[in-house]
Amino acid sequence: MSIYQDIKEQAYRANMQLPKLNLVLFTFGNVSAANREKGVFAIKPSGVPYEELSAEKMVVVDFDGNTVEGDLRPSSDTQTHAVLYKNWEGIQGIVHTHSTFATAWAQAQRAIPIFGTTHADHLTVDVPCAAPMEDDMIKGNYEYETGFQIINHFKQLGLSHQEVEMILVGNHAPFTWGKTADKAVYNSAVLESIAQMAVLTQQINPHAPKLKPSLIEKHYERKHGTGAYYGQK
Amino acid sequence: MSIYQDIKEQAYRANMQLPKLNLVLFTFGNVSAANREKGVFAIKPSGVPYEELSAEKMVVVDFDGNTVEGDLRPSSDTQTHAVLYKNWEGIQGIVHTHSTFATAWAQAQRAIPIFGTTHADHLTVDVPCAAPMEDDMIKGNYEYETGFQIINHFKQLGLSHQEVEMILVGNHAPFTWGKTADKAVYNSAVLESIAQMAVLTQQINPHAPKLKPSLIEKHYERKHGTGAYYGQK
Amino acid sequence: MSIYQDIKEQAYRANMQLPKLNLVLFTFGNVSAANREKGVFAIKPSGVPYEELSAEKMVVVDFDGNTVEGDLRPSSDTQTHAVLYKNWEGIQGIVHTHSTFATAWAQAQRAIPIFGTTHADHLTVDVPCAAPMEDDMIKGNYEYETGFQIINHFKQLGLSHQEVEMILVGNHAPFTWGKTADKAVYNSAVLESIAQMAVLTQQINPHAPKLKPSLIEKHYERKHGTGAYYGQK
Amino acid sequence: MSIYQDIKEQAYRANMQLPKLNLVLFTFGNVSAANREKGVFAIKPSGVPYEELSAEKMVVVDFDGNTVEGDLRPSSDTQTHAVLYKNWEGIQGIVHTHSTFATAWAQAQRAIPIFGTTHADHLTVDVPCAAPMEDDMIKGNYEYETGFQIINHFKQLGLSHQEVEMILVGNHAPFTWGKTADKAVYNSAVLESIAQMAVLTQQINPHAPKLKPSLIEKHYERKHGTGAYYGQK
């Protein structure tokens, strides 16, 4: 048995959640699960249908994107995952999908306004949308640079990757992350729901105001603050 | 066996209807079932996935929001349920969801116009939308105040909670209620359907008129009037 | 065994298609199947959940709306079915639903423009939308008058109920019919699909033109004309 | 056993994918699988429900549209398939559906703008939309002419059928193709997803720009270029 069995199992199970949550068509998505002590993550092999996946087929890669274990080619987005793990402390799961509503916002190059408490239960700001990359970044090591495009956008906006666990990459699609692969998948599903509600909100009322600061704070705090009272202890 | 077994069973079964009716993502919803003689209600524990629920895990709470039976922490929205049970006679079930279309109307801060007979079969007025709360209410006992925000909006509009069994809380999401937990769940599903049709109606015809009084009256009366002839005797 | 067993079976099976085709929420729909020789039709009992239906529970009613066999109260829309059977030769199945997209067009009080061949494969004109009824018709025998509202709108537009097997009743919802109950259900599903495509078509191109006469004729003829070549002989 | 058993099996299995992928209502779609050496293709019989299909029921037709094997009447769109196989080298599968979002774009007579990388992963240009045919073509051999309408539109735009494997026929619906029937079905599902995202993108931002050339090139190349690194070798 692999010494990476734990993260291979985690990555496998988390990947299999994507079709169940209607977040992917065919193979248009991938999840990774990291072990920070060993400095590696397990990720979906590229272009393999979900029904043919198994924990054994997960590819183990280090934080520089080099394959450590596995016969298959890792996801084409592996370098983006590697850059995020290497630069962002504490995250142990990353998800990339082309889920319908979140991708539509990315294609529209618009951050998703914080319109309600469903949004505020998870983050206190608009869902950020990074600009499409410069041409030289695209022509270079594209997926590697995508990681930096995400990190730089967070720096620009002064956001913490531990408080905001999702982003849209302009013209492309969403990335989410979290302390575990399961949490990152959870964030992808939440993002898709927020994205759908926000389109509808603007259609119902083109002048819909954003949530006011007191409500943003209250909802976020009750789930994530020091006095959080959502969920079990 | 618990002396509250009946409402625990009712609350459990009603909660399990929410994912089947596509009204919740993950744990974003809760149902309670009340026993007015005993002055208590059974409610979903906070943040527990639906697939792990059982009647035994339901938490029994009195109308002041104090836990009477159960090891788990009750839903974070428990105080809202308690306030409604305490102040509104006759209701024995309450549901809160973040269902997509109803929540979008809440985020848009718009009452849902009564556009057709599907709506009129259930209520004779627009689905009310309470304004977001004042900051001091939010910073105080938020969920407790949410109950009063709902009750006060009904007073302002001169509505009866026995005739109108649903409301949107502005920027937040819907609440519904009824004589039983099952009826409250039914109302949540009806509200979601009405909310979706109303968005589409406005998209097809931005000047769509509301239903005229004679049709409103007719459809409501045939289901709910003294000479009602919908359903079995 | 009932002498009406055949139509009771047909009505039962056709009613059970409605939830499978996502055309109803709860009990918001009904199908009837007629036997013209016997001058009766079998229809869903009012307000009975689909999962509790059986052929035995279908109610047999004559073309004046009088119950001939069955212990349950027939659908509240029975009078509308009766009027259509009595006045329109050749139809042996009728469906009423509140399906989402068709109902939205009815609420918008708009006929559905013939935008494409999916529509033209089934009818050569816009899906008609009858105006809401006059107040005296509503206050009188409402469901009975609904039947005449439909028939009169067809007369006004010079339409044949054998060529156009569907209508929207303004502010209310769709009715469809056909030579069999199964065909009427088929028409309800086709209508819902046409209705959804038409909303989207107008959103993509607010100036989308209707299908031109030569294409309308061609598509209708290949399915329904004397030289029809769609389907098996 | 038929000497065409291979393509009959392929066509059968590919047809059965359409309802699973939610691309068809009832029988509104068809897939064919060709054997270029034998100069024939197997196609769905006309108007037969998917649940009654079998490999045996597939109809084998030559590239002039003459039935070679099979008792049933082939799909009414058979001539369109025949023309495409006869004129376009290398394709061995064709799909026609009336899938909701792609058909809405066809009805709107609009090419689908290349808004994002989901689109660019599959083609480098807008999804083309052929104009509705001239009246004399419609009144002639309609389905045969539909094939030429498609081919001529590709010629006009200077497109290669090996690089762009999908088209909308104005007022009608989409056609897709590929090296295998399975690939053609895959393309139909991708098209439907792209079509839905594009409607939403325009609703979110009516001024959404198209993807820039560097990103189009990068995404297409990583899947299809000589240095492609998506999927397994």
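So that you can tell them apart, the chains are marked A, B, C and D in the order they are listed, and the count of residues begins at 1 in each.
Here is the rule we go by: a residue touches a chain if its C-beta (ideal position, glycine included) is under 8 Å from a C-beta of that chain, and two chains touch if they have at least 3 such contacts.
Listed by chain with UniProt protein names: A, B, C, D = L-ribulose-5-phosphate 4-epimerase.
Computed from a predicted model, the values in this text were never measured in an experiment.
Listed by label, the chains touching chain C and chain D alike form an empty list. In the Cα superposition of chain A onto chain B, the rotation angle, rounded to steps of 5, is 90 degrees.
Centre-to-centre separation between chain B and chain C, using Cα means, comes to 33 Å.
Mean C-alpha positions place chain B and chain D at a centre distance of 46 Å. Contact with two or more other chains is made by residues 203 of chain C.
Chain pairs that touch, as defined above: A-B, A-D, B-C, C-D.
In the complex of the two chains, the chain A residues touching chain D come out as 25-26, 28, 45-48, 72-73, 76, 98, 100-101, 103-110, 132-133, 135, 138-139, 142, 171-173, 199, 202-203. In the complex of the two chains, the chain D residues touching chain A come out as 115-118, 186, 189-190, 193, 196-198, 200-201, 203-205, 208-209, 211-212, 214-215, 218, 222, 229-233.
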